[in-house]
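Order as written gives the chain letters A, B, C and D; numbering starts at 1 within each chain.
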Amino acid sequence: MKRTIPLLITAIGGFVLIIAFFSSYTQSWGEVAAIWFDILAAIAFILGGGNLMKIHLKKISDRKAGWAYSGVTLIAFLTTLIIGLGKIGVNPSEQFPDYAWSGSYREVGGPFWWLYEFAFKPLTATMFAMLAFYVASAAFRAFRAKNIEAILLLGTAFIILLGRTYAGVWVTGWLPEWLEGLKLENLTVTIMKVFNTAGNRAIMIGIALGIVSTSLKVLLGVDRSYLGGGEE
Amino acid sequence: MYEFFRDLDRRWIFLMMFLCVAVPIIIIGATGKTFPEEPTQLVRAVFDEIENLPSGSKVLLSYDYDPASEGELAPMATMFAYHCAAKGHKMYFMALWPVGPQMVDDTIENIIKKDFKDLKYGEDYVNLGYKSGYEGVIKVIITDFTELYSTDTRGTPWSAIPMCHDVNSVQDMDLIVNVSAGYAGTKEWVQYAVTPYPKLRMVAGCTGVQAPLLYPYIPQQLHGLLGAIKGAAEYEALVIEAYGDKMARKDAGDNPLTDDNGDYLIPGKYTEGIRRMGPQLVAHLLMILLIIVGNVIYFVERRREGRR
Amino acid sequence: MRKRPIRTSVLALMWMLCALPVVRSVAQDGLQAPAPPSQLIARDRPWDKGEKIDLRWKLSPDDSGTIASYRIYRSLTTKPAEQDALERRIEDLWYLFEDLYVPMFGFPPGWPEDEKARYEFHDPTPEEREAAGTRLRSELESLLPEIKILAKSQHADDYDYERYAEAAIEALETYLAAGMGLVEANRRAAAAVKLLNHEIPLSELQKAKIDYENAAERVARDAVTESKLAGLFGDNWKEESEERADEIPVELRKSLLDTRLEAELQAETKARREIATRVGETRWKLVAEVEPKLLNIRRGEMSYTAEQLDRHQEYLFKVVAVNRAEIESAPAIAASPVSPDRQIYDGNRLAMMLVTLIVCGAVVLFIGIARTGRPLKVRKIAGLSAVEEAVGRATEMGRSILFVCGIQDMNDIQTIAGITVLSRVAKTAAEYDAKIEVPTARSLVMTAARETVQASYLAAGRPDAYNEDLIYYVTDEQFGFVAYLQGMMSREKPAACFYMGTFFAESLILAETGNSIGAIQIAGTAMPAQLPFFVAACDYTLIGEEFFAASAYLSGEPDQLGSLKGQDVGKAVVGIIVVLGVFLATALSVAALAGNEVLAAHLEEIVEYLQRVILT
Amino acid sequence: MKKETVIWTVVMLVGALVLVLNGALRGAGSAYVKAVPMQFVNVAEPGEVNADWIRYNSDRAFDEKLCTQPFEDIPEDLRESWVRYEQAELGEYLASRAADPNDDNYRFSLSQTLGIWVAALFTLFIFSFLYKDNPFYKIAESSVVGVSAAYWMVIGFWDVIVPNLLGKVAPAMVRAWSIPGLEDPPNYWYLVPLILGLMLLWRLSPKGSWIGRWPLAFVIGTTAGIRLIGFIQADFLSQIRNTVIPLIAIDSATGSFAFWDSLKNLIIVIGVLSALTYFFFSVEHKGVVGKTARLGIWFLMITFGAAFGYTVMGRIALFAIRLEFLFDDWLWLIDPLGRRAAEYASLLWPAMPLLG
C-alpha cells in the first residue's frame, strides 16, 4: 500500500498529461500542473525553512565550532522574513491607496528593498563575479594539450578569446581580402555557426532522448528510487 | 623559474586577474581614454538594420533582462534606444521579465528624457510593460497586441495611445530589437515570432553565455547579434561614429565639445561598453597567456619525464 | 565494393533530374483588372482546436504570368441581431441606474456641496422618487428573463461568463425583492448590471466603434489641455505638468475641466455621427496575400488556411486576384459564412504523436525484452566505474562524500536523474560505511533526497546508520547556495564530490573549489553551456545523455539497461530522418540549379511537408 | 604565521583609516534621495462599488471636478498622501542646494549611505575568500544564506501562495486584504495543491511520514509527463528539422551554386551524425563506429571550447562591475558617468599628468 499508491499516482499523473497534450480540450492541463507545482514548492518552503532553523538552533545550543555564524544566519533569516512577510515600511499601491496591504513588498526605498539592494544583490553578485578568478585558474591548470581532444578544446577557446577583443583585429587585420574568412573575428563566427551548431544539436537530441527514457522509467515504475528502493 | 610556475599558488593568478581588471578600470575611469573598436560584420548588421529603416519606422524593443545582467546588457539597451531615437523611429518598449519595465524606465529616464526632450510619450515612444507568460506572450501578441496589452504601464488604454492606432500585432513592426539575458528571450522571439512570420526583421543583444546557442539562427532568422560586452562596445563605436556630434557634450551655445584631437567628448553613459572593453581586453590577454604558460609547463614536464 | 551501385544510381538520378524539360512562363503586364478567381469554398478545418478554416479556390483564368498574387479577406462579422439588441438594452439599463441613483436616494451623507452641483441634480421630491423607482422596476422586470436566457445560452457557455450573468441575476432578484428603499441593494444591483455589461465580449465592429470614439475624445482633450498647459510649462507640458502639479493654479484646473468636458462631448457626438454613416456597409479585413506557386498554376487551384479565428464567430471570406500593376480583380466570395469547430483530437500533433509512440515504444519494448532475461550488451562509460573508487577512497581517508543534485527543483528531470544516481551512490556509501552529505537548494529536493537515501541505507541493510540531518536545505538562491558550499567544502574537505543535476554558473565555482581541496570529482549534467567547465575541471564528466544513462548503468538491472537500447533506436530514427531529409533537400537544390522547375516544385512540397508537418 | 597576522592587521588598519578619511573628508560613499509627494484622490462616482483613486497631479486629474481645488481642501476620506523617496545623485543635490538653500526636495540619505557601505564591505568579505577562508567570509556566507533563504520564502508567499492559492480558494478574503483588484471567482480545483501541500507537511509529524510520498509522487509523475512531451516537441523534432539542409546550397541572391555554404552544411550534417554516434550505448567504440565517435568527440570539444570562450567574457564583465561599484559608488575614485561635481570627480587628480 505505502508504495503502490504513490506509484499509481506517478503513472496516472504522467500519462494523463501526455494524453492531454494531444487533445484540443485538455492542452492547458500541463500549465495547470506547473502552477500547482509552484504552489507545492512554496508550501514546501515551510519544510526547508524549518529545517534551516532547526539545524542552526541545534548548532547554537550545542555550542558547536562556529556556532556564532549560525547566529548570524538565523538573525539574517528572521529579519528578512519578518520584514518581507509583514510588508514593513511599504506604502500602499497607487491604485488602492486606502488598502494598507496593497503595496508591493519590493517597493523601492523600503526596508525589504534595502535588504535586497545592499545585502542580497552585492553578496550574490560578488559570488558570481568570483568566477572571473576561477576561470583564470582553470585556464591555467586544465587546458593542457594532452591529446587531440584537449587541443581542439583549448584551440577553439583561444581563437574565441582573441577574436572577441580588439587583439583579434591586431593579430589578423593585415590579411588580404581574399583570406578574409581567416580573420579571427570571422573565424569566430564560422566556428560558432558550423561546429558549435552541430555539436550543440547532437547534445540536445541526445538529452531529449535521455529525458524521454528517464521519464518513461519513472512512469512505468522501473526506476522508483525516489520512493525508496526496490523492495516493498 | 619552471618550478615556480609548476607549483604556482593559484592566488598569484587571482592577483593577476584582479590587477588586469582593476588597473584598466581606474586608468580608463580617470583619463577617459579607451581602446579603439573595429566593428565586426554581425554588429554592423545590427547597426545597418536600424540605420537603414526610414525615419519614423516602428521598432519594438523588448528588454528581457534583470539587474544581474545589467553589466553586459545595459550598454546595449542604452545604445539601442539612443540609436532609434536619433534616427527618429517610433519606439515600443516591452518586457518578458518581471523586472524588465524597470530597465525600460531607466533607459527612458536617462536617455530619452535627458537627451531627446522633444520626443513625446505616446507619440514617439511608449512603455507597454511586462506581461507574465514567457513565450506565451510572444505567441499572443504576434497576432494581437490588445489581447494582452489593453493598456501601457501607466494604465493608458491602448486606443488612447496615438502611436498604437495603426498597430494590431507584432507583425506591424518594422523591426524587433531584443535585449536578452536568458529564458524567455531571443531564442523564444526567434522561435515564435520570426520563424513563423519570416517577413519580420529582428536584431538582438545577448549575454556571452547565450551567444553560442543563438548563432545557428544567423542570418536567416536573426539579422544581427551583439554578443556580450564586446558586441555592445562595437555597436557604441558605430553609433558614436554616426551620431557623435549629436551625442557629444554641448557648450553654452549648444555646440558639440571636442577634445584636443578633435574627437567629440561623449558622455560617459554612452561609452560604458567601450570602457569595459579595456579590462576585458587585458583580462583576455591574461587568459591567453595563462593557457600558453600552462602548456609550456606541461610540455617541459612531459619532456623531463620522458628523459627519466 | 558494395557501395558503388548506390553511388552510380544516385548520379544517374541526378543526371535525369537535370535533363527534364524546363517550363517557363512569359510575363505580361496588363493594365486592366485581371479576371477574378472562382469557386471559393470555405470549410472548417477538421481535427483542430476550432481556430482554422480551409479555403480553396480556382485560379483566375488569366495568364499566370500576369497574376502576382491572391489577396484573402474576411469579413468583420457582427453577432446575431438579437444578441446585439440585448446587449444594447443592458447597456441602457446601466445608464438608467446611473441616472436614477441620485434622484431616487439623494446624495449620500457627507457629499461635498460643490460635488452636488456637478450632477445638476436637486434633492428629489417623494413623487419623483416614486416615479423613478417604478420605471426602474418595470425595466428590470421586463429585462430579467432575457438576461436569464442569455446566461443559459450557448454563447455564455462558450465565453465562459455565465458565472457573471448568474451573479448579476441573483443581485437583481435580491434588489427586486428588497424593494426600493435599500441603498445597499441598489448599489449591488447597479454593480451587477455593470459587471454583466462589461463581461459581454464585444464584436469587432463594436470594438472599432469604441476605438474611434475614444480617439476622438482624446484628440479633443489634448487640444484643449495642450494650449493651456503649454503656456504654463512650455513644450514638455505633459511631463512637466505631472512633476510640478502644485504650481497649476486652481482657476486653471477649473477652466480646464469645463472646456474639456465641452470638447469631449462635441467630439463624441461627431464621432458617433460619423460611425452612424458607416454602419451597414460590409467591412473586409485583409488576412493574407499569397503568391501562386508553380504547382498551383499547373493544378489551376490554390488553397489557404485562415488561422487564429474565434470559434464563436461566423466568417465570410473573399479572394481577389492581383496583377503585377497592383490592380485587384472582382472577388470570389464564399457561398455562406462558416465558423470553425473544435474537435476533440488535435490533428496538428498527429506526426508528433507517432514519433512519441515510436521512441517510447522502443524503450518499452527493450525493457520488455530485457525482462525476458535475454542478455543485453552495452558499452562502458568511463566515469561510472570511478564512482565506486571515489566512495572507497573517501572511506579510506575517513572523510565525507558530497553529493549535489543541481540547483533546480523536482520539476526538472535532471534533478530526478540526479536523485536516482544518488540512490546508487548512497547505497555504495552505506555498504562502505562512508558518510554522505547532501545539501540541497530546494525544500522538495531535500524531501525527495531523504526518502531516497533512507531507502538506500535500508537496501544496504544498514538502516541504523542513516542520519537525516546530513541531508538538508540551504537556500533557494543560486549564489547563496554556492557561497555556502564553497565555504563548507574548504572547511570539511570531502574526499569525493558528485555534481549530478542542473547547474548554471556555479559549476566552475564548485569544480574549482573541489579541485583546490584535492577531491575526486564526478559531474553529470545536461546543460550544454556548463559542460566545458566540468570537462575542464572534474575528473570525470557525464555528458548530456550519458548522465541520464548513468542510473541505468549503476543499477545494473537488466530492465534499466534495456531502456538504453531503446534510446539507441531513437538515435537511429534521427539518423534515418536526417539522411533522408538531407537527400531530399539536396535533390531539391540540384533540380533548382538545373532549372527543372516542375521537379523542384514537387520536391519543395515534399521537403516542406517533412519540415512543417512531420517535424513540428 | 604570527608575522602574517601582524602584516594583515597593519594592512587592514591602514586601509580602514584611509576609508574613514575618504568618507569623512570627501563624503565618499554617501547617498542622496529626492522626496516626491504622492497625493491621491478618490473620484469614484456615487453608487460605484469600488473606489477610483487617481494621482492628484496626473493627466486624468484635469478631468475631475474634485481636483479643481487645492489638495488640502479635499475631504479627508477622499484623499491619501505619503512621500516617496527616489534615488538622486550628488550633482542634483548640490545643484538644488545652490539654487535654493531651503529646498529640501533633495536630501542626504543615512539609510542608503549605510547601505552602500554595507554592500561594499560584503563585496570585500566575499572576495577575501580568494586569499583563504576567514571569519569575514564566514560572516558574509552566513548572511547570504539567511537573507536569501528568507528572500525566496517571502517571494514564494507574496507571489505564489497569496495570488495563486489563497486568491483562487478564498478570493474574497484576499480582495479585502492585499489584492483589491483581484477579479477571479473562486476556483476550488486549487484545493488539490493545498491538500497535497498539507500532506507534504505531514512529514513533520512523527507518525505516517509515508503520506508525504504522495505529493512527491504526484510531482515526479507530472514532471515526467510534461518533460517527455516538451522535449520531444521542442528539442528532438526541432533539432532534426533544422538539420534537414541541402548539401548543395544555392546563393539566394544570384541563384547559383554556393560552395562555402555547401561545405558548411556538409560539416553540420556530419557533425550532428558523428556526435550522435558517440552517444550510442549498444556498440563498443571500435572500428568504424569508434572512428566516427572520435570525430563526434572532436565536434563536442570544439563546441565546449566555444562555449568556454564566450562565457569567459561574461564572467569578466561581472567582475568589472563589482569593481566599478567599489571604485565609483563607494570610494569615489572614478566618475565615468559624471554623476558628481568636478571637485568630487576623482581622487587621482594629482596623478593625472602622469596618466596622460
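Definition applied: a residue touches a chain if its C-beta (ideal position, glycine included) is under 8 Å from a C-beta of that chain, and two chains touch if they have at least 3 such contacts.
Note that this is a predicted model, so its numbers are computed, not measured.
Each of A-C and B-D has its own count of C-beta contacts, and the greater count is at A-C. When every chain is reduced to the mean of its CA atoms, the largest separation from subunit B belongs to C.
Subunit A and subunit C, compared by their mean Cα positions, are separated by 22 Å. With centres set at the average Cα position, the gap from subunit B to subunit D is 17 Å. Centres computed as Cα averages put subunit B at a distance of 26 Å from subunit C.
Subunit A and subunit D have CA centres that are 12 Å apart. Touching two or more other chains at once are residues 10, 14, 17, 21, 209, 211-213, 216, 227-228, 230, 280, 283-284, 287 of subunit B. The set of subunit C residues touching two or more other chains comprises 238, 356, 359-360, 410-411, 413, 416, 444, 447-448, 451, 473-477, 479-480, 483, 505, 528-529, 531-533, 535-536, 543-545, 549, 564, 567, 571, 574. Each of the following residues of subunit D touches two or more other chains: 55, 126, 129-130, 138, 140-141, 144-145, 147-149, 151-152, 200, 203, 213, 216, 219-220, 223-224, 226-229, 232, 236, 238, 240, 242-243, 269, 272-273, 276, 279, 300, 303-308, 310-313, 315-316, 318-319, 321.
Subunit A contributes residues 121, 124-125, 128, 132-133, 135-137, 139-141, 143-146, 154, 157-158, 161-162, 164-167, 169, 173, 185-186, 189, 192-193, 196-197, 200-201 to its touches with subunit B in the complex.
On the subunit C side of its complex with subunit B, the touching residues are 210-211, 214-215, 218, 235-236, 238-239, 308, 505, 516, 528-529.
By the touch criterion stated above, subunit B contacts subunit C in their complex at residues 10, 113, 117-118, 120-121, 143-144, 157, 159-160, 162, 165, 209, 212-213. Those residues of subunit D whose C-beta lies close enough to touch subunit B in the complex are 130-131, 238, 242, 303, 306-307, 310-321, 323-324, 327-328, 333-338, 346, 348, 351-352, 355-356. Interface residues of subunit C facing subunit D in the complex, by the touch rule stated above, are 97-98, 101-102, 107-108, 110-112, 114-115, 118-119, 163, 186-188, 190-191, 221, 225, 238, 241-242, 245-246, 248, 250, 253-254, 256-257, 260-261, 352, 355-356, 359-360, 377-379, 410-413, 416, 444, 447-448, 451, 473-477, 479-480, 483-484, 486-487, 490-491, 505, 528-529, 531-533, 535-536, 543-546, 549, 564-565, 567-568, 571, 574-575, 577-579, 581-582, 584-586, 588-590, 592-593, 607, 610-611, 615-616.
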